[in-house]
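All chains are identified by letter, namely A, B, C and D, in their written order; residue positions are counted from 1 within each chain.
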């Protein structure tokens, strides 16, 4: 099936009977074949309903605007739906922000090269010049925007300008700067960060040092959407690894590197595939 | 929501457009509220389609036969569906077969007592008398059917008689006898076995000894439906644990015991909740 | 090899060269065969050194006091060792404290009956009478010591009297009372608690509710020694399980039950086998 | 502590009392400080004993030959030891063999660049020219030795010449050629292969296809030393990942890629750190 005929429909609305019948009826009448369907309701009676439909249809290759208009009028309005169609031939464009550490960046670039992350990467932005050569060897433009306390807002402005109209979402691949609320508001639920701990354990700085001090037997990493409250945004994915008394902080970091890059790449893939819906401070992930 | 109004609808059929719309439309017109919906197609064009719908409806408490008839005529026929409704107030009845080892049996009985396995257990059948007291302390009848090469068929007959009309499915909780093909045909895809290895590794007897000899670094267990070909039926669930050179066969067995009982209990729970569909020699598990 | 000839030697001391040679030389001269040897140093130059030796020797069956005296004089003094011999024929005696939930208790009792926990259980103590029958069916005395704010100290006194000279260590198997500092001091690093979260995440009460609110993708449990600071004692073992948006609090608790009992049983086994050494607020676990 | 003073001593011999005392006494008399000590005996009475000692000593920086001679005469002879010293300043040299797939190769090269694999990589050898640019971008010489049925032995000869005196061990990072027995004998227990299944399940070709056909719920990868019997050499490390009915062969391969590279890198690291001892067809891995 050509990508030009494949689309996703994402819906959230108050739960009540008839949603599946209405949506699937609408699509069927327009010749769509449902390839994947996931749904979830926070509560069958008074909850919020979430749905992700992946389907193939002839019209996807044609008059998208008309069908969207019809969907809005004939289905979405009656159920007070938040909804959007995502078309498989619209490749999402991601900007990657990095500092000096390359393991998360390289994992993303490799998986991207292998075809496991179907996205465009129009730019990598960094507050250091360290990874320029690495990034450019992949044929990706690299922008160095050094940041001091005084220049943060100004440099964020520059980044926003660079990304204007060219970037759909941002991945913080071990970017060691805290973004301002102003910046975050430009990409709501579209900035993915990797935190190097099993949140909410070890919030804040130096989580591996904290983990070492506490003597935990398992360490982890957390990918989450960035919100104004530090390390408190909706969690997308987490994973862990066993450690023991023999592991010093350096070893925890080395073990952690592997968890971080795995977890981040998984979260980015799900975001690219429109598998994540945000509900308050939580995520519904229709992994597949 | 009272259980008397909750039901599952399970479907498999050749995949083609319109199934979701037809099924969900049928249910919506009859006042059903879909609580959970899972679907899977082996191939969007020429594949087999599987669906599990969990829903609440007033009529579930009433005229089930009529609705089933309507479904057969109005929906199922057109799509050549294999289908069945499973009603939440029909508690499945399971017979547990054991030999001398109690760990899988006890896990099932505990989870049953905790309410994690919503089933009835009308009987435990064993080829040894060892576990009588354990079983009876749970208020469950225990039948001792000792087996020799000569008496196997005769004793299987007795077991079938005991279960006649009283048992929906069978769990082999470390039952150390090979069932005959005749017996198995009475409960197709309704006998769950736990094999103490990560199938298809270490098929046959003495898997922990085999694992020890091979020097594997991970051991596992496999829950599967029993077919006439030994250890080759559809796999329902597997899990593993790390081991190392220090673990002798006795320790592998002790570690394995914990995997076996966990994996078996999970498979049994999914079976009870109608979450498993069999397709050829594989399972589709709509875990949840 | 008969148990009467098997022993463990546990040592901690400032690290410096010669410890292994001295200790192993001492044992070899007395005919011991080292079966297992684990060691760890927090730092090769100025660290603390920990050692666990498991060995077989004829004299273990005979004049223990004399050998211990010789060890103290000829080896331990020179290295400022904390040390103790643990003899395999001295079966540790554990008291289990429970409230109303039985899953951790039952896991311990089963593993004990299977021979996986080589201990004596002279008593189970509870602030509720709920689990009396369960406990007594294992032939273990059950003491009901109900607790109110006013009677807590008095009942702790009673528990201490009951255990006086009959109990080596205590397991809190989901005991829902906070012990006083006075009580804890009677069993320093000899009270094992299971906390139903992945500490230090979700300290305090209602951790599954907290985990649900935060939307984590993995939940866990932690076995630790009890200290006066709540939920902050040395961590012995942790484990986790994946969850997702579909899991409500009740399901998190059901999943968590399985982690809790596994983790607790593992910690208890290691304690019984003298595999845990405490260093400040951390543990060195020579698992095997 | 400078690397020039750090060494490992690896021993295997028939188990009998006194080994630890003799070895540690020998080292202590020569001023060594033991940093890590691991030991294992297949059986305390008539088994084989394995030991790995990591230590710091002044003489390591000096007269290694003399000390080795003394060890041979004063300790090793009496216990019939197989033994060797491995000096930390001797960096192991590894040749990597690849075909067209780069994921295992890249993982090794990255971890090597991060300093997680302390080795030299004097060459990468491939039967295809595909990965030349990738390899050379790391500053590593790349040799293209295309292979047909007719030229296999001749090309293996060439590879042996290229490696002669320059390579300590070989890593097959998804090298899709079967090595001849002659070739293997040049590097006994010094060729590490990654097999893309959870051995002994799915021996031979197309393991992901086999796994898909069998409907397993977990897939894995296995790093092992290469012996003349295909896929049957001593297992060093294994790991697994969960899969389900939705994963087609392409997805199994993508998931498998991540397991393969993780498992292989771990095995290579342990080999580099002299943590693996081979016993018959098994490994003792003193992981740390």
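Please note the rule applied: a contact is a pair of C-beta atoms (placed from the backbone, for glycine too) under 8 Å apart; a residue touches a chain by one contact, two chains touch by 3 or more.
The model shown is predicted, which means the values in this text are computed figures rather than measured ones.
Shared contact partners of chain C and chain D are A, B.
The chain pair B-C and the chain pair A-B differ in C-beta contact count, and the higher one is A-B.
Annotation: 42 Å between the Cα-based centres of chain B and chain D. Mean C-alpha position of chain A lies 37 Å from that of chain B. Taken residue by residue, chain B touches two or more other chains at 246, whereas all remaining positions touch fewer. Contacts from chain D toward chain C in the complex involve residues 1, 16-21, 24-25, 27-29, 31-39, 41, 44-45, 56. Contact residues of chain A toward chain C in the complex are 40, 198-202, 214-218, 220, 234-240, 244-246, 279, 281-285, 287. Remark: chain D residues 103, 106, 110, 114, 116, 137, 246, 254, 257-258, 262, 288 touch chain A in the complex.
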